[in-house]
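In what follows, chain A forms one complex with chain B and a second complex with chain C.
== the complex of A and B ==
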């Protein structure tokens, strides 16, 4: 089995050993074990530390060698200089894979230690995540090496979004936000120094991972740019990749002797690679969420958008953005026009955006959405709901959830407002309905989805 | 490597440069211009001059021998005190849209190419698009579409669209050239495009 395929032992382990398990509260080895116990990890959990007989009520082994029976996944949280020897023991024990959380390698110029890790891993074809990372989290199997307490950092529910991150800090905040928004994830991978397996290897694994539908990649610098370009190309054809690149500011080379050398900094190369691979680039963390939630929707057949609103102005704003992004407002067929006229008040006009006006109740939304789902000239729906109007009540959540689950056309919903509105938005998000608090972010997201769908169509 | 060596190497790779002669005297310049046919351009060749235009080292649209002789002498005055290899006498380029086709070797991704609005304001407008080598004709098409000046390439204000095939050929050729020769940086700038084709007016590269 190849190293990448062996990552299965790390993501779906039947047994986990925590090396460096500790009795001291707040130490990594303590938080880790506590998390495994708290989530009721269904497999076996072993604690390893020669200092203790037991930790948190779990029998503690002096070394991995002393454990009877197989160990699929080993999590190492001991000082860097102890890691190579432990890794050799893991190899002798024939463990499935290893996560090294410890820092103290390339990032502090200990390339010698990193080289030893690489050598052992390659020799035994043993997958190693890290070092200097948060490791992995899989809500389906409950394996969790994020050494941050659960009461401080919420864990998301199972879902379709995989998250590959170079930075542990960005990684942990995104995990926390994902849980907060009620979104579900398939895998979380914080890969740190990428000493053995790099960003491309994880993308490759996720391409064949059944639970993963969309991939987020946070990257500062690629381990191997060419390999990343090729892998992104391959994976993005099947599953959309949303990438966030940090470290863009570095300009051209100081010693450049040509115009090209002066203009073409390293970020330009990344941008070029992203465009060539057709991945979706986000500008910031919030935009990452804007984009991934729309990718959970079905793929639109074209770029014709219909807008439903109960507030004219927000509809106009959405229209501006639609035209700016190069999307097109859909034209309705006669049949659709007639059907829509039925649900409008007498003074109402059938147009796109369709203004249901502030008197509109939940029923008008339900009917308008039904009619538009049947209209072949519409490829995607933007549904603006101003929750502040008197007739709108919590039944709108059911209507929008139904529209989102319809799966004939992608939808994006927009609600702008204060605390009351934000509560609605959070409920919608937790039900998998893409909800935005600005027309611009919703339209931008729809545009990315349209572009990706168009790309996938061209491949066929 | 002088500009003359650079130009010969580019020719070997099939880059169609404007006819040129490298000369060291005024009389040779006149003889060269006669062979090429007026109008011509004079360009100073010096290892000490980075931006030729800025020091009066480029004179264009020279229509006859009298003007050529005057221009030659003026230019020598302009660059007095600098180490001068000689002068390039080149056929005057066609009129059209000036683009830059450039490339560099990125430490992460290897060779990449850029296209953009050319001329002397490249670094001011920074209207460029980039791709990693090797690339396809479709990539070049997308690069063109990304440029802000894209409408100019499509023939704005009553002009005919530029010859896209010539642009595509040049971009793909630049990729191949850089990869084979291990080029670190290169500029073909400006390259003048019209509906029929293009003229590479100036080129520089480093290994």
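== the complex of A and C ==
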């Protein structure tokens, strides 16, 4: 079996062993085991540490050798110099795959230790995630090597977004944000130094992963640039990849090198590769988020956008951004115009953006959306709802969820404000309705979706 | 007395009359009066409406004429065609100033009604805010004509930020966001059609307003471009202006015209004016926010930035943005390097960004910040705190507040995450510590502060 296929032992293990299980609160080996117990991982969990007889009520083994029965996934949280020997034991035990969380390898110039790991893994065709990483999280199977307490870092529900990240810090913050907004993920992979398997291998695995629909890739420096380009090309045709590249400038490259021991390389080369592979590049962490959620919407047929608003100024801003991104304001047919006129107040003008004005209630939104869903000249809808006006009540959530579930055209919603609005936006997100807190981010996201849809159309 | 000076009757009134006070819940004249009663406005509040004897327990007058004693500020919420007659009554009564909330003037081509308003106001030198606006809010005096319920739109505490906005929708969302983050404002002015007083007049007023330190201007189209340029130049020398221009492209201009009846004009001309006046231009609503909060920090001496982080990847991203914006990573003196080496773990490297690694606790941050505040080669500090790691506890808030209060160098903090992080960020913001949820926004903000500080230095 190929090493990549063997990753299923890591993502869907029936048994997990934690090497370095600890009784000391807040130590990695303690948080790890506690997380497995707290989430009621359905498989077997073994603690391994020669210092203890038991940890957190779980029997503790002196070494992996002493465990009876098979072990699918081993998580190592012991110092770097102990890792090669443990890995050899894992091979002898025929474990399915290994996650090495420990740091202290390439990033501190211990390439000798890294080479030993690579040698053992290749010899036994044993997949190894890491080292120097947070490992994996799969909400479907509850395998979770993110050694951060759950009360500080929420875990997202099952869903369609896979996240491959070289940096644990970037990864964990995105996981936390995903959970906050009630978005679902399929796999989280923090791969650190990529000593054995690299970013391309994980992309390859996710291409065939049934639960994955969209892939986020955070990368500082690729192990093999040519391989990455070819893999991105192949995978992005089937599932959209949103990439965030760090280590773009000289200082960033130096910082990246001391971080995971990888050379960031020329950003221009990466940028060219991203363009060639037609992957969606994000400028920052928040933009990754902005883009990924729009990819859960249906693909637009073209670039003609309609805007609905109850606040004139926000509509004006959205229009600026639409034109600036090279999108086009849709022109409405006479039939649509007449239908829209009927829901506007006497002094209202049918235009795009359609300003329902501050008096607009939930019904006006429902009707306007219905009319626009039927209009063939419109390819995507941007719906601005300022929740602060008195006529807008919580039924608007139903209207927007219905519009998002309609699936005839993609929608993006915009709401800006304080506590009331934030709670409302989180409810929308948890129902799969993309919600943005600025016109700029909504329009940029729609633009990326239009471009990707266009690319997919050309492939046919 | 000049009309602009008379604005003090609107911002600091001893008595307020609400024309169009209403018993119907959610009607503007109802929400308005309720807000004045709920916030315990310390002056007199009069209700005016010939239909009622009393509204919400307040005696109701058939007209402004019937009120005994002076009225400083009149708020009009009756249909457009009734406004000129009411304004004439206000003049006869010698009221200090008038806010017209009602729409139905230039924006629906009723320039005739607008002309009447202008004529009366000029004849009696009576300042008029609006029409077609939300009017004003001053948290110091509790005058508040924002006719949106307080449970939906929070009101910010008193502070130093003034906000002048052509759009009520943009204005109200920013007010809401300001309150959400616990930031303080000095004045909110939604001026709508600018029929009598325009954006330049308000800027002029705020220049001499003691509580105002920073000014936000949202503008679609200026009444008088040349006047705006001259005023911005004058005011921005003393107090930084952050401007958000809408109606940049053709579609946006059309939308702006039907919104407040003003012509947005060529964006290139505006952009040139902003550059000439050296005001800080924001690209979107969230950026306005990002920039304004950094202006509460001390002015940096130069553009050399130091970064502290406990998450390598986020440090790499920050570095990219620093170099991309034309800022420079500070080089540390030997003394600083030696001092920093002592707080790092054995395998840690002193570099910029300074990666304290995920094991770093609150003490490491406190020491690193202290050392960097003493380093003359550093002009500004970006402090990344990933709150998800176990060693970071709530004492970090004290450390960052102390760094922000130090006032020797400006700081910007970055934290990214879910519920836990969001609560923590709100606490920081409420203590005046600028907190960002992405490296990109923090770096852009610091860049704007550096540019403004540089400009102010040149003036000396």
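Definition applied: the second predicted complex is superposed on the first by the 445 of 460 C-alpha atoms of A that agree within 3 Å, B and C clash if a C-alpha of one lies under 4 Å from a C-alpha of the other, contacts with A are read in each partner's own complex, and residues count from 1 in each chain.
Here is the rule we go by: a contact is a pair of C-beta atoms (placed from the backbone, for glycine too) under 8 Å apart; a residue touches a chain by one contact, two chains touch by 3 or more.
Nothing here was measured: the structure is a model prediction, and the numbers come from that model.
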Touched partner set for A:281, first chain B, second chain C, both or neither: neither
Contacts of A:266 with chain B and chain C, given as first, second, both or neither: first
Chain B versus chain C as contact partner of A:198, first or second or both or neither: neither
Touched partner set for A:218, first chain B, second chain C, both or neither: second
Partner chain in contact with A:390 - chain B first, chain C second, else both or neither: second
Touched partner set for A:72, first chain B, second chain C, both or neither: neither
Touched partner set for A:226, first chain B, second chain C, both or neither: first
Residues of chain A touched, compared between chain B and chain C (which is higher): C
Chain A positions touched by chain B in one structure and by chain C in the second: 256, 258-260
Parts of chain C lying in touch with chain A, wherever the complex brings them together: 26, 31, 103-104, 108, 148-149, 151-154, 165-173, 176-177, 179-180, 218, 220, 244, 246-252, 254-256, 258-260, 264, 283-287, 309-317, 319-324, 329, 347, 349, 351-353, 355, 358, 386-391, 416-422, 437-441
Contacting residues of chain A [partner chain B, same complex]: 221-222, 224-226, 229, 256-264, 266, 268-273, 275-276
Touch list for chain B against partner chain A, complex: 50, 100, 102-104, 106-110, 112, 114, 116, 122-123, 126, 128-132, 135, 139, 142, 146, 185-187, 189, 204-206
